[in-house]
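You will see two complexes here that share chain A, one where it goes with chain B and one where it goes with chain C.
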Partner chain A sequence: MTIQFNDESFRDDYTFHNSEWAIKRFPFPFHEDSYMYSVNMEQHRGGPEGSVYEMRFDVDEHYVSEMKDRAIVLDQDPLRCQSLPHMTLAGWDLLELIMVSKSEDYPDLFELHRNGNQWRWINKPLGIDHSFTFMDETTLPYGPMEYITRQAQGDFAVLDQRDEMLWMDAGMVTTQADWSLDFDIGMNFFEWHAPVPKAHEMGIFKRALKFLLNIQQGAPARRLNWTMTVNPLLDTSPENYHKWGIQKTTLTPENIAHKQHLRVELQTFFRLPRSNALVFPIRCYLCSFQDLMTVPKWGRRLHRVVRDLPVELATYKGFIDNRPMMLDYLSQFDDGLPTSPGVWPDLETEPPLSK
Partner chain B sequence: MSKFEFPKSIASRPIWGTLEVRSGEHHLMIAEAEGAEAVIDIATPDLMAKTHLIYIPKGTDFSERLQALNPAQFYESPSYAAALHRIRRVLEDAHMGLQVYLTGTEGMMGQAMNEVVAVGLPHTAIQTEHRGSVARRMQCVHCKGVTEDVEVDPFVCSHCGLNLFVRDHYSRRLAAYQGVRVDAEDHGNVPEPKGIYE
Partner chain C sequence: MSGAEKIQVKVTEITPLNELVTRFRFERVDGRQLPTFSGGAHTVVEMQDGGITRLNPYSLMSDPFDQSSYTISVRRDDQGRGGSLFMHRQVKLGDEMTISYPVNLFSLDLRARKHLFLAGGIGITPFLAQIKQLELLHGHWELHYACRNQALASYADQLTDRHPNATHLYYDDQSQVIDLENLLSGQPLGTHVYVCGPKGMIDWVRNTAAAEGWPEDCVHYEEFLAPQPGKPFEVRLASSEKVIHVGENESLLEAIEREGVDAPYLCRGGACGQCETVVLDHDGNFVHRDHWLTDEEKAAGKKIMPCVSRFEGKSLVLDR
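Then we have the complex of A and B:
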């Protein structure tokens, strides 16, 4: 299929919007009517046709505008992209993985021509046609990780593996759910997750680490995570929290339908071949409450999840103050009917709202 | 009392130890303020005869008592920043097997630890013991400026002037805790500052 790329903004006037196609394929993260932390890993080997899980690196209608937003963030704060000196090889690994995957998965949008180390990369949506020498940094305008992640949606954490541990030693982080690469770079897996409540005590991180250390080449994995964001703001960074934090207080019963967004991260994990590093793309999808409510099953379920979420989690996810207003809105879309298991919209089989 | 029991915290928060004598031909000790007492507690004539001791008084007066221990080398520095060049010079000549003892505030120990690791010594060669002030070295996540010796929460960033709350999240690379605007969601609503552990 050919993707029509939106011309939209993720700041100031917030013209971001989802087409009907994007709403139907939104990665709704709740497979049942309640939520608690879990490792929830599965293999990342495709998914239903047209879903965000189908390709290794999903490209959607927001691609071009998201890359413009990333460039703005990097202009304002170059510390959002950093790589410790020993991570350059992993950067080349990542460049290769993304170029090969995108050119194979979206041949109408991306082309990669390789003749030994002489590579030609064509990125049609962004208007790039670039010949360079693989593994020769002087032939790229940026380091390899920065070069390719300026052309790929989502954040990228590149993790070194040593001493049976993962280390956050490189990354491109401009669409994050309130964590700082500049602060966390160099930390180990337990340290950078330190601020997350409850999950440590539940053993979540120990199990997750064990799983991740054993990810093999060619056998990537994935999981979903989620939070809430007022306005379709991609850059919810701690660096800029002193500017965007106040936006949370602009929510009213009149604007909540289009202003409040469910923010879902599709997290994938790939082993990199030369460096043995692990790359951890964190792809952010936003969907407004009013768009989510067009799927009756999701309307019923989101109300129940938000209502029953433990206070600690709602606080950590930053919407405890707005929860009552969210519930007032969401309850209109919950008629008490049961919901079908799983995350899919099930539009053909689930009953319409009956109230 | 110069010893303080830190409350249990999150996984990125450092846990400091208690100094003990280790065998080895060369020893480097950096004692800041009440850290001098931790050195005095473990000092033996044999250990001190192989020790380069750097003392940063920060308002304390342990100079005579430390010199009476007869360290192989003794240096008193008015501040950590002033001592840094000497510390780097000493580490430049360090051989494998050098034993490092850091004692004083968290900020000094965190920064000195980075210097030691940067020259390639293993972290297992470093011992630490917290003594004295529980003030923290804080990095403002917004402007990136570091404010030294922060005793209260919230505090004012010495660089950008925002009111920041004191997190327990700690970066070893920066040797600093993270400070985040406390009134970001309600501008001007800054709680009364109180001691970090009050």
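Then we have the complex of A and C:
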């Protein structure tokens, strides 16, 4: 397969856009007409051809531009990438996992040639051809985790596992839904999830931790999470809230169709072999409301989910103030017809909008 | 599906080390590379022993970064239910076997400034892999290894040859004992202690460390229990609507699997917690043998770890 990479921006003039291909494969997160938290984990071993679930690390048309945006964020704020001293081995694990996966899954875009510890890595979209010594940091321009995550879409939390607990001890976090690595670094699983409403009472995090501690080598897992973002911003960080938070007030009935985006995270989990750490890639996909409405099933369902979401969740996800305006827009695309179960667009079988 | 991912291997080397311990080397049947692992990991070896499928965990002792083969060392247990006897008597060079992907329940704390290893007998095996890993990463470690006698001290010669300053040996028959209190009190800040050996040794190290004020998080231990034989008993599996019979020489988990009921597991030695099963009803006494449930949970009688624990009494109903 070949991918036509977009030249686009996630800031200032916001030229980000999804092709028709990207809209159809967008990971719509609602499998029914309502939403409540659940651990909703499944095995991450491929998925339908062309879907974002097919490969271990999905590469799409936004790859090159997302990597440029990451470089800008890191230039302005180097603390977005941190690795505590004991996490270097996990960084090598991650570098190996991504290089091996991408070169096997996208042989036309990435090549990895290994001769013992002498490795040559070719990344054609980014124009990189680099020979280095595996496990020798002095042969890379950055630490191993930073080196490879400057070439991989999505954020990466690298979690140490000790004492029946996970610890946020390394990460590359530049495309996050309002959380800070610099704030969370060194925290344990319960500490960094403390701000999430309702889920603690529901016992969600205890069950999730138990599941994650038991993820084994060769058996990765995945789940989806979602929120709302005004303008196609990758970097919605607490550090830059003063820049993007205010943009939520610029939403109007006239611009909501292209300004309001559903933000979906494809979260995957891999056990890292040499370090026994766990890597948690959090891949962000953005889709404007107007693009989502091209799929009749998604239009009907998104209206119902946003309408019925408990106030605490709409507040936590940061769109409680804009919810009435969103519902005014979305209700135009809900004709009350039933929707088919599951997340897929079902373009051939779902009836067109009848209103 | 239960347990870790599986790998098909063939036995490419069988090396008797002494009267009790034999080493086995495994390579992949398909000729590909094995996954790397972290020191302290184990693999679960499947044995087709007559009509019985045995699944026993063994620590991987080879270099964790060597993907050409795995090695394990098996101590013969003449009183056990037969897993180690099967390995010693039935397994031949060239045999094909199924093993699991590596699973680590005894990993190094990579923050440690120093790793202090305390091994008893066959408990040396996870440390062999951890030592190889630390040598590669230039880690700081020290080993204290207690055995019954010199003849049974597997790998002692190799360790003293390669690491004469870091290896300390103790032989019971020469009345040599680890001077644990002094050893612990002399460690630099940031030391983590790891113990693998018989239950008595693990308890001794944990209690001594606690008495000396060591933080719990700095003391790591691993003891795989082998399921013990016991009186036969009957169990009703409520979700699968089956009544099964647990024989004298099989574990409750093995009996559940024999009946075709898929039950989760990882270590099969009472340590990982994966097979924890809810007790819906019982009239009788549990024989809890695991390290997973707390004393309060064991007393409450609401949960059982079927890999090593049993039941004696009139009736037992499980949510499985």
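Quick note on the criterion: the second predicted complex is superposed on the first by the 355 of 355 C-alpha atoms of A that agree within 3 Å, B and C clash if a C-alpha of one lies under 4 Å from a C-alpha of the other, contacts with A are read in each partner's own complex, and residues count from 1 in each chain.
Everything below uses one rule, namely that a residue touches a chain if its C-beta (ideal position, glycine included) is under 8 Å from a C-beta of that chain, and two chains touch if they have at least 3 such contacts.
No experiment lies behind these values; they were computed from the predicted model shown.
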After the match on chain A, would you call chain B and chain C a fit or a clash?
fit
Applying the touch criterion given at the start, work out whether A:Glu61 contacts chain B, chain C, both or neither, answering first, second, both or neither.
neither
In the overlaid three-chain picture, which partner chain does A:Ile185 touch, first (chain B) or second (chain C), both, or neither?
first
For the combined three-chain view, what is the angle at the C-alpha centre of chain A formed with the C-alpha centres of chain B and chain C, to the nearest 10°?
70
Name the contact category of A:Gly218: first (chain B only), second (chain C only), both, or neither.
second
Please work out whether A:Asp160 is in contact with chain B alone, chain C alone, both, or neither, and reply first, second, both or neither.
second
Tell me the contact category for A:His200 with respect to chain B and chain C: first, second, both or neither.
first
By residue count, which of the two partners contacts chain A more extensively, chain B or chain C?
B
Partner chain in contact with A:Glu111 - chain B first, chain C second, else both or neither
neither
Which of the two partners, first being chain B and second being chain C, lies in contact with A:Leu89: first, second, both, or neither?
second
Determine, under the contact definition given at the top, whether A:His242 touches first (chain B), second (chain C), both, or neither.
first
Chain B versus chain C - smallest C-alpha distance in the overlay, whole Å
5
Residue overlap on chain A between the chain B contact set and the chain C contact set?
none
How about chain A: which of its residues touch chain B in the complex?
79, 180, 182-187, 190-195, 200, 238-242, 245-246, 248-249, 321
Of all residues in chain A, which touch chain C in the complex?
85-87, 89, 135, 160-163, 210, 214, 216-219, 273-276
Residue ranges of chain C in contact with chain A within the complex:
4-5, 35-38, 40-41, 64-65, 101-104, 107, 109-111, 133, 136-137, 217, 266, 272-274
Given the complex with chain A, which residues does chain B contribute to the contact?
10-13, 139, 141-142, 144, 162, 167-174, 178, 180-181, 184-187
